[in-house]
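Pasting a structure below so you can have a look.
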Amino acid sequence: MRGIQIQLPSEFAVLEPLQIFIEGLGAAAGVEEDELSSLSVSVIELVKNGMEHGNGSDPGKMVTISVDSFDSRIRFFIDDEGTWAPENAPGFRPGEGEELLSTRGRGVLIARNLARWVEYGLTPEGKTRVTLIWPLN
Amino acid sequence: MRGIQIQLPSEFAVLEPLQIFIEGLGAAAGVEEDELSSLSVSVIELVKNGMEHGNGSDPGKMVTISVDSFDSRIRFFIDDEGTWAPENAPGFRPGEGEELLSTRGRGVLIARNLARWVEYGLTPEGKTRVTLIWPLN
Amino acid sequence: MKIHEKMKDGVLIISLSGKVIGGPDLMNVKTAFQNAVNQDIDSVLLDLGKVSWMDSSGLGIIVSGHTTLSRAGGALKILNATKKINELLIITKLSTIFETFSDETEALASFGE
Amino acid sequence: MKIHEKMKDGVLIISLSGKVIGGPDLMNVKTAFQNAVNQDIDSVLLDLGKVSWMDSSGLGIIVSGHTTLSRAGGALKILNATKKINELLIITKLSTIFETFSDETEALASFGE
């Protein structure tokens, strides 16, 4: 499956439908049943970040998810309308001590662990693009 | 919810995930539980037509579904890469006699009946655009 | 979609469950009708009670089953059409073609009449 | 997501079911913890056995419940974390903070110790 693109406004109401859609696409692409929720958790974490941090939760700003499957892997791009700056991006490792009890800062960590391959970068136009690659067995 | 867009290759494998996604979006937009499957049947009928008749089932050609909700209605555009010609479009009414036993020709009829408002037209670029409007109570 | 088949009182009951949506899956239903004819079974009851979702592709398959069986001198009847499926049968006027039942015993008996 | 609450042996058992996903729904869980403290209940057992899906937003809410209760001198413990939720607790090292149980009686008894 190539060329799938899903553009969504930065509204939390779309997350639940999206979660099911991602699992359905994953299943169609050959992701194993018991890995589907890990896939959808990873993607949803990154989409939420795009909505919140990239788009400032502005419903007029979009997050665009591109899905392409290749031999033995699926690639997701999660693009938002912001421009991600590496210096503003903590949360890639679990906090220690007091920080462990933060109510936030676990999204990227979880996505990186479940998906194993998550990279932050920019689209050709300089907007934030997160790339997630999911291997197929 | 405004600005939702879903671009899909002309492959039947995406239909089942799409069906669930459409129902999820419908629910989030306020469509009643027991109307959700009629909504998804209508949209899927039109998407299948875009894939088959508009795009000749070429997986490299896309169907794009745009979803916007307005006061008390949701509007769907279902665009394909073909150019629909009115003279090639039967199937808007049930066949009679022998035709009743055709294995095809019921998609538009069903969509029109379940959704009540389905119009064929062209995008600004002259590609096929089907507009479906679903009222919210 | 899943297909389950069983013989009862000389009638082949084909039960579908899950989503009957366009795609290669549907060929299996077509094959089931053809197999029945090949085995000289001419009474088929299609149980749709567990179908959660169906569109025109499903109707197409049912019509093709009807045609396959009629040509062989047999009949296809429908058991447990859900409210949503009944709606589709009415919209498409296929309700004028198919005998539908909500009771298996009654449906089976009707083939003998 | 649904929230169900019941008292048992002086412990408030809050059970979540369905999907714990980002959005306004989560405020209800936060409120449930706050209500407990307001009612001088300091032992809360969070039953996650029927949670079908959870992400970092869910973890955030659980941590905030932990903080709310700890400040009031109480404790939040977890019952029936699914395999997937356990995985999240481990990835985020929250497993070092929370006592988790798979048996309700044992969990309830632990509050008395």
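By written order: A, B, C and D. Residues from 1 in each chain.
By our rule, a residue touches a chain if its C-beta (ideal position, glycine included) is under 8 Å from a C-beta of that chain, and two chains touch if they have at least 3 such contacts.
Quick caveat, the model's predicted, so the values are computed rather than measured.
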{"item": "Steps needed, at fewest, to go from chain B to chain C via touching chains", "value": "1"}
{"item": "Where chain A and chain D are represented by their mean Cα positions, the distance between them in whole Å", "value": "26"}
{"item": "Centre distance in Å when chain A and chain C are each reduced to the mean of their C-alpha atoms", "value": "43"}
{"item": "Intercentroid distance (Cα basis), chain D paired with chain C, Å", "value": "49"}
{"item": "For chain D, residues that touch 2 or more chains besides their own", "value": "none"}
{"item": "Residues of chain A engaged with two or more neighbouring chains", "value": "13, 16"}
{"item": "Inter-chain touch pairs (all)", "value": "A-B, A-D, B-C"}
{"item": "Touching residues (chain side chain A, partner chain B) in the complex", "value": "1-9, 11, 13-14, 16-18, 20-21, 23-25, 27-28, 59-60, 62"}
{"item": "Contacting residues of chain D [partner chain A, same complex]", "value": "19, 21-24, 53-57, 59-61, 63-64, 66-67, 84, 87-88, 91-94, 96-97"}
{"item": "Partner chain C, residues of chain B touching it in the complex", "value": "12-13, 15-16, 19, 37-38, 40-41, 44-45, 48, 94-95, 100-104, 106-107, 109-110, 113-114"}
